[in-house]
Structures are given as structure tokens and as C-alpha cells.
Amino acid sequence: MTKNLILIQCKDQIGLVATISRILADHTLNITSMREFVDEQSASFFTRIECSGLLPSLKALQIELERELPSKAAVRINPNQEKKIAILVTKEYHCLADTLSRHFFKSLDAEVCCVIGNHSNLSDFTRRFEIPFHHVSHENLSKADFENEIADILQNYSPDYIVLSKFMRILSPEFIKQFENRIINIHHSFLPAFIGASPYRQAYERGVKIIGATAHFVTNDLDEGPIIVQQIIPVNHAFSVNDMVVAGKEVETAVLSKALTLLLQDRVFIAGNKTVIFE
Amino acid sequence: MTKNLILIQCKDQIGLVATISRILADHTLNITSMREFVDEQSASFFTRIECSGLLPSLKALQIELERELPSKAAVRINPNQEKKIAILVTKEYHCLADTLSRHFFKSLDAEVCCVIGNHSNLSDFTRRFEIPFHHVSHENLSKADFENEIADILQNYSPDYIVLSKFMRILSPEFIKQFENRIINIHHSFLPAFIGASPYRQAYERGVKIIGATAHFVTNDLDEGPIIVQQIIPVNHAFSVNDMVVAGKEVETAVLSKALTLLLQDRVFIAGNKTVIFE
Amino acid sequence: MTKNLILIQCKDQIGLVATISRILADHTLNITSMREFVDEQSASFFTRIECSGLLPSLKALQIELERELPSKAAVRINPNQEKKIAILVTKEYHCLADTLSRHFFKSLDAEVCCVIGNHSNLSDFTRRFEIPFHHVSHENLSKADFENEIADILQNYSPDYIVLSKFMRILSPEFIKQFENRIINIHHSFLPAFIGASPYRQAYERGVKIIGATAHFVTNDLDEGPIIVQQIIPVNHAFSVNDMVVAGKEVETAVLSKALTLLLQDRVFIAGNKTVIFE
Amino acid sequence: MTKNLILIQCKDQIGLVATISRILADHTLNITSMREFVDEQSASFFTRIECSGLLPSLKALQIELERELPSKAAVRINPNQEKKIAILVTKEYHCLADTLSRHFFKSLDAEVCCVIGNHSNLSDFTRRFEIPFHHVSHENLSKADFENEIADILQNYSPDYIVLSKFMRILSPEFIKQFENRIINIHHSFLPAFIGASPYRQAYERGVKIIGATAHFVTNDLDEGPIIVQQIIPVNHAFSVNDMVVAGKEVETAVLSKALTLLLQDRVFIAGNKTVIFE
């Protein structure tokens, strides 16, 4: 029995579940797991269906679903299971090390096609895993030239997703547009608290009792894209800024790891500036 | 538009979602939320469906579903929304106070029909909320007589659920059988650690770094019934047994409160010695 | 053996622990627990000492400590153990019910001297516990008159602390000044995210994956006072604003309860716009 | 200014803090952080003191402290800051990868001197970091011979601690005795629940709603040694045994990482079958 995955995002209307499940039954596909959500505010319908059975013609099923569903329905059947990700880094190793270790032991659900750093200090580590490391310094380059050089490298690899793994440069709208809905960032605070630079210093100055991290899609607005995963850890008055930085690395690593798993298992839908996630 | 709730538990087979959703569509019911789960180990199917639409004949729908679903399917349509609970207590107030406050402000999803205590010290508090308190002392009574007296009181009120809210007497299989799958207990440890008496002392002696609480259905085996909710809090070497007791009250209250909410909103299925919960 | 509690906040200098512990030993007081913290940024020293032994003259000890410690040291020996709190409410019951239940069963570490509401709907509940309820409507009153009326009531009771238990009016600097460092608020977000009104709606619109609550001292800047306790709970795309409100009540109750315990057990120091807390 | 670390564990008696702080002041050492704990059950005193100042003679200070403190006091001044750890593995990579990454980037607070595996599949990964990997198969060897071979390798490296990083063989009392209080294990459950083999299968069968991990010292009794760190994650009915295994790896990695940090920063005291930890 083949396992199939079907993802649908469309305008909501009466009887969608009945329509979809009837079509699947007609194709002798048995639903083993179905998650659906209706966002009443935007009248949008989302479903993620795991079903078993032989898929005679993926194309026929796609056409039939699109014909019977509301117009402009986004239907994905068995999306690419051999996804590729590119990783952008600056100097911090913790998120990169976690991703590369998972990749090495084949538990990442994706291939890491390359690592690009605006500093070179993560080059040695990366190459120990036989993954190409490209050093693109931002120094002595205009922002446009810097980004073009990165974009050129990325286009060569055709990654499904680009992971900003503690990449500390702000990307321009032009760059982001080239990879719309495909750039993921890990921000070192529980957004929307402490947007922008030095969130741990901001947290220290404010005297908060929890710090956190947020994995989100990157859009034109800094730290404003759809949130995928957030988590926190407790801190107290005895934490210096540096103690927060050290403690924060743990939660950043965990949050990015979780977000990548959700994303690479096709569990994340983008819905405006939010996400719908079927864990 | 009327909102309806349909709960189905049956043997799994191919096409169940299609069958159910077709029947609902035939009755012009629109599915607004559907959760389903297949337990592959026992080949059991569970679904909880919220649907909107006028229900012309609840009985006709029930019959049609039962006819088309595997035999012995348990189908519940719009289960009792005016549930009644009875509460059994000993001396500790924290869980009782939380439940009675919610009841007083009509956010409990149930009516508290009575409180029964084997001590009398919670009588004054209970009666301030105009809820009957029955004092049934276990002293000078055989276990059978003690339980019969409680059972008689309970039968008068016909509660949907009986909540052991820090009730510190072990109930006999005969008593439990009368209220099968309807007795909920809050145990002051993360089961299966520290089954039985004095879990906080056991936790203290073992030097654990987390303590917890478990809400579960009561079956014949002490602390072995299906688990509904568990949660924990961190402790450290500086916690005395009594500090753990005090800290534990918070998590006990939270866990029981959560379990009652899930139960009273018909989100909990019993599946052998486990639960399936659609949050 | 009498148990004594000594709290000291002063400028840091070399040998403070040695000085303090020598003075206590001279008075034949045995330190059973000592917590200290040096805030290097402000060169401030904080200590909380539990010691056992007969205290011959509290005044002599106080004078000796103040003489040997840096000038302007704040020394408190056995602070008032019979603290009084006044509670200000609007319409929501959950925090109030928790506090009054603890008070009723004598586990609050304080006496609730009165409840003041700008609406009257919590009057019945409060009076069931034989606690005075004062209804001071903000309607048809200037802000100054409204606050003066409340202040007059409060002055009658001389509370140690004033707890804004979901009190939804913003207090003026003049009011706050009268009760400096003695007003505690529970805010329904993890500050500094979602300052101000409707934090749950803000959280919903932003699509966050965690919501939280913050207990803090009230200062002139809205939601900017020293933070005592923060905690969060996970949410997801399926939470409506109202679901967040309901779920948030749990964490608000827990956070305020924890903050009151810390405060009433004299575990909280105010240090600028932060707190130092010895749990 | 030199930073010094002093650790003392001794029988409790009146005036210990005064005695210790006076001696330190006599040596012109300024206490910047002091944590102490008295275990009243065993009348034991524990303290961890960070102090700044030039240490003229470490030996003189040690002798003076031992002379003035109760007999058999364990006094450690500036314990070895260049600790070495050896890691024992079987097949699972996640804890090893985390530790080796930290080691590579010099954030482990220790040197990893070697990895020993009873399988060879982690050899390639380990050697990429230029760390010696020794394959000692348990097959065709008596338990005694197997352990002797490992012990011989360990003796060569003289590690401060031996980390069982998902090492799936039970060690004999004879082996453990050679490295008393120096062997750390990560167990994949929140002990004492699910002692022994297949804890995730046990957790699955029991239908628990949380799973966890425990880092502890290894003593003769399986999974009964002093606990250092425990943490949990929520699970639900939809988790298969394998899903629990996968989710559990995250918490195992985090718990072992935290335990190593505490241990290597000399924050952990062993007190009978418990630990006292100054975070």
C-alpha cells in the first residue's frame, strides 16, 4: 500500500469534506489521517490528508479535485519528498550544528545543499560534513551586490527552502521576493517582544522573567512574517546579558529544529500573516 | 444555524470519513470542524464532528449512521449539554474551590449537584455556594456500608460524572462498577511514578527534580485507569515534603480543571486503558 | 527556637557577607538559609536571611547592622507577618476567586481587608466570604474623583499591598504615588509584548504561538513597572480571540497567585525597574 | 582580580557561614556569589562560593578551612577547570552529536578525550572531529572482559567523568566502583517511571500524556542513582512508540546537555541518593 499526502487550501464552502472524501473514495484511497481547519475570519479552508492506496494517476486526481473545489484552490499531492535546503549563517554555530548533525544521520527530512556565510568561521565545521560552504563577505560590497552574489549561489542549488540560521544581515525586499514564502528565520526573542537587534540586551534591561525564540517566514517587514514555532525558557535577576545569550541558544536551536520538521513534513500552511499548522 | 456535535467510536474500515461526511451532507449539515483518529493497534476509529445546520430528526440521523457504520458503532449526537457532576472530597480544599468558583460564575460547563465528604471541614465552604454538602464519615462503618451510603446519595442526584477531588479513600470494585467510566480522580503524581499513598514523600525520598499530577478515569486497579491530563512543575533539593505538597496543589488544581473541561465538552473517548482526546 | 527573617538592600562593598554573618553570630543567631545577590551594574547588594535564635533586642540588631553596613542600607527585621491586601476588580472573577479561596482556607499569607469594584457584579461572591465589597463606579465621576473615592476607602484599611485583580482602569500618577511600590497588577500578556488594551486580540492578529501573563509592580508608565512573575501557555491557529481569553485566565490566575506568594513571603526586592526575587 | 571557586560539604553546625566568610575576609577574598543549603534530614551543609581576590596560598586556605570546619569536611578550592570526559555510546547519535559540536566550538567546559562504542556506527562521525573512537564490541566477550577492555581504555585517558550517552549495556557494580560518582547516564524516561528497558514502549502502553528524560549518576541499582536533571514534553494519543522515540530524543539531548553544564561548572553535590544543585 502506498502512502499519499494531499494538501488543500481554498475558499471555504459547505460540503468540502464530503466532496474531498468522496473523490478520494472514488479513487479507492483510504483516509488514515485527516486534519482540517476553517479560518472563519477569512473564510478559508485548509486540510492535510494522509491516505493509503495505489494512486493510478496523480494528474487525474489533481484535475478532479481542482474541478470540484472552489476556484483557485491550491491542491498539492505528494509534494516533493526530497527537499533541499540552503543555510545562511554569520558566526554562531548552534543552529547550524544541530541541522548538519541531523542531516548527517539522515533524520532531517531534507538534503542540505549548501551553507553560505558572510563570515568564514563556520567553514571548517561545515566541510567536515562534506557540504559546500560559500563565504560571501558583506564587506566592501553594496547591499545589492552582496545579495546578488548570494542569490546567484542559491539559484545554482535550487533549494526548496532557505534557512537563516542566525544570519545577522537584514535582507532587502528584492531579495526576499525572489524566494517568496521560502525563507525561514530564527529570531532570538518571543516576537513581537524585542523586535530587531540585541533582543537579549533589551530583555535584560526590561527585567523580564522569560526569554524565548521564534521561527518565522521572512517577509518584507522585519520580524513580522508568519510565525511557525515559539518557545520560552525562564530567567531570573541573576542572568547577565551573556547568560541570557547562552541560555537562549538552547531554545533557538530547539525552535528552529521543530520548525524545520514541521515545514519539511508539509505540515505548515501560510495564511496571510499567520500559519496553520497540523502537527 | 444550529451547532451540532457528533461523536463516533467504531471499528476502523476503509471509507469511514467518506461515508460519514456523505450522510451529513445528505442531511444538509456542514462540517465546521472534524477531528478523527485511527488507533492502528486496535483497529479503532474515533471522530468528533462539529457541524452546523438544522437537525430535522436526530433519531433518523442516528439510525442512518448506525446502519452504515460497522456494527457496534457508538454514535452520540448532541450529548447532554446540561451535565451534572458530584464531587467527593476529604479535607483538601484547592480542587473543590476551583470547581465551585467556576460553577458559581457559570464557566464550568456543568452543574455541581452535590459535594460528599468523609470529613466535614469543607461543608461551610460548599454551602456558601448553596450546594448541598453530605457528610458521610467512614468511621465506625464497614467499607461496604460507607460506600453504600455514598452510592445512595449519588443515585438521588443522577450525576453524569463523579469527581474524586482529593478524596483519600480507595473505592471498591463494586462501587466503581456502578459508575463505570464516569469516575474521575486527581492523583498527585505523574503516573505511573509514585502510585499509591504519599507520592510527595516518595518523590522527596527519591530526589526527583519534577513533580506532577494526573487526572484519570478510575478503574479497579489503583491509579491504573485511562489518563486524561498530566502536567508537572520543577522542584529542587531545597523543597521539603511539605513544600512539594504546597507546590503540587497548584498543578493538581490545573490538571483537574483541564480534565473537567475536556470531559464536559465531550472531547474525551475511552479506548481500553487509554484515552483519545480531541482538544 | 524563634525563626527570624532579615532583609537587607544596600550599596555593595567588600566583606558584606562576612560583616553581616559576624553580627548575627554575635547575637547567637544561626543562619539556616541565606540568599544574596550582587547587581554589578548598579553595585547593589541584596540578601534574605532566615536565622534561628532568640532575638533579644530587634532594635539593637537593627542599629548595629545599619551602623556597620554602607549608609542608606535598607534593613528589615521580621517584617510584618500579618499583612493586609486590598483587591481592586472590574468584572472578571478568576483571579479574585482564587485569592479569596486561599484567604478563606488561611493559605494566603495575608488578610484580604476589602474588595473594591468599579462594577458591582463581584459583590455577591465577595460577601459570601464575609469580606467588605465597595462599589465605586467610574461613571459620572471625574477620574480624580473616582480615584479619590477609592483612595479614601483604601486609607481606612491601611493595606500593605493593593492588588489590581483584572482592574481595567488606568490609574493616574497621583494615585500611584500614594501607594508607591505597593500596587501589583496582573497584565494579560507576556510583557513587553502587547502592552495596553486587548492583548489577546493583538496576539490573535499577530498569529503568535504562545500567550502569557505578567504580574508586575505598577509605576507611572503603563505596563512598564518591575516584573515579578511571567508565564506562558501554547496556543495555535485554531484559537479564536475568545479561546485565548479563556485559556489566558488560567495563566493569569497562576501568575498572580505565584506573585502574591513571593511578595507576601518577603521574597521580592525592587531594584530600579527590575525585581530581585529569592524563591 | 582572580576569580576563585570554593565548594564545601560538611556536617551542619551553628555559625558555619560566619566562620567561612570570616576566613575568606581574613584572606582578603570578596564573596561575589554564595549559595548554601542545609539538608535538615541529614544535618548536612553545602556551599558554593565565588570570590574574587588574589589567592596567596591555596594550600594555607584549604588547611585553615578544614581546621575550623567540622571534621571530615570536603573542601575543594578551584577544582580542575580543564576537565576531561569520556563518552560511551551504542548506536544513537543525538546526544553525542550535541556534545561533540559544543566541544568543537569550545563551549563544553571540558575536553572530550575519547568516545567508546560497543557498535562502530558512530566512529565516522566522531573521527570527523578528530576525537579517538574505540570500538569495543560486547559480542563474543564475557561481561567482565568487555568491561575490562573499556576500563583499560578509560584508565589511559584519566577522564574526570564518564558519560553514558545512550550506552545501552548495563554496567556491573565492579565497573561502576572503579569510577564512583563519576559516571553519568541519560535515561529516556522521567524516573522513577519506566525504569529499565523500552521506556517509550512502556509509556505508549500506559497511555501517558507526558514523556521525559532523566540525567543521573550511575550507582549499583539500575536507574536509581542521584538525579541531576529531569524534563518532559507533552505527547498525546496520536503518538506511536516511534513518534515518542523521535520526540524523546530532543528532550534527552537537552537534559544531558544541561546536566553536563551543571556538572562541569561544579554546581552539583552528591548527597546520599540525591543531588544538591546550585544553578
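Note that the chains take the letters A, B, C and D in the order they are written out, and that residue 1 is the start of every chain.
Keep in mind that, in the parts below, contacts are C-beta pairs under 8 Å (C-beta built on N, C-alpha and C of every residue); 3 or more make two chains touch, one makes a residue touch a chain.
Keep in mind that this is a model prediction, so the values were computed, not measured.
Colleague: Common contacts of chain B and chain C?
Modeller: Common contact partners of chain B and chain C, which must touch each of the two, are A, D.
Colleague: Shared numbers divided by all numbers used: is that above or below half for chain B and chain D, i.e. same or different?
Modeller: same
Colleague: Any chance you could check whether A-D or A-C wins on number of contacting C-beta pairs?
Modeller: A-C
Colleague: Superposing the C-alpha atoms of chain C on chain D takes a rotation of how many degrees, nearest 5?
Modeller: The best-fit rotation has an angle of 180 degrees.
Colleague: Express in whole angstrom the distance between the two chain centres, defined as the mean CA positions of chain A and chain D.
Modeller: The separation of the two C-alpha centroids amounts to 35 Å.
Colleague: Can you check how far apart chain A and chain C are, centre to centre, with Cα atoms defining each centre and the answer in Å?
Modeller: Whole-Å distance between the two chain centres: 41.
Colleague: Which chain B residues touch at least two other chains?
Modeller: Chain B, residues with two or more chain partners: 37.
Colleague: Give the list of chain A residues in touch with chain C in this complex.
Modeller: Residues 37, 39, 190-194, 206-210, 212, 226-232, 236-238, 271, 273-277.
Colleague: Mind listing the chain C positions that touch chain B in their complex?
Modeller: Touch residues, chain C against chain B: 93-94, 97-98, 101, 104-105, 107, 125, 128-129, 246, 250, 254, 257.
Colleague: Touching residues of chain B toward chain A in the complex: what are they?
Modeller: 14-18, 21-22, 24-25, 30-38
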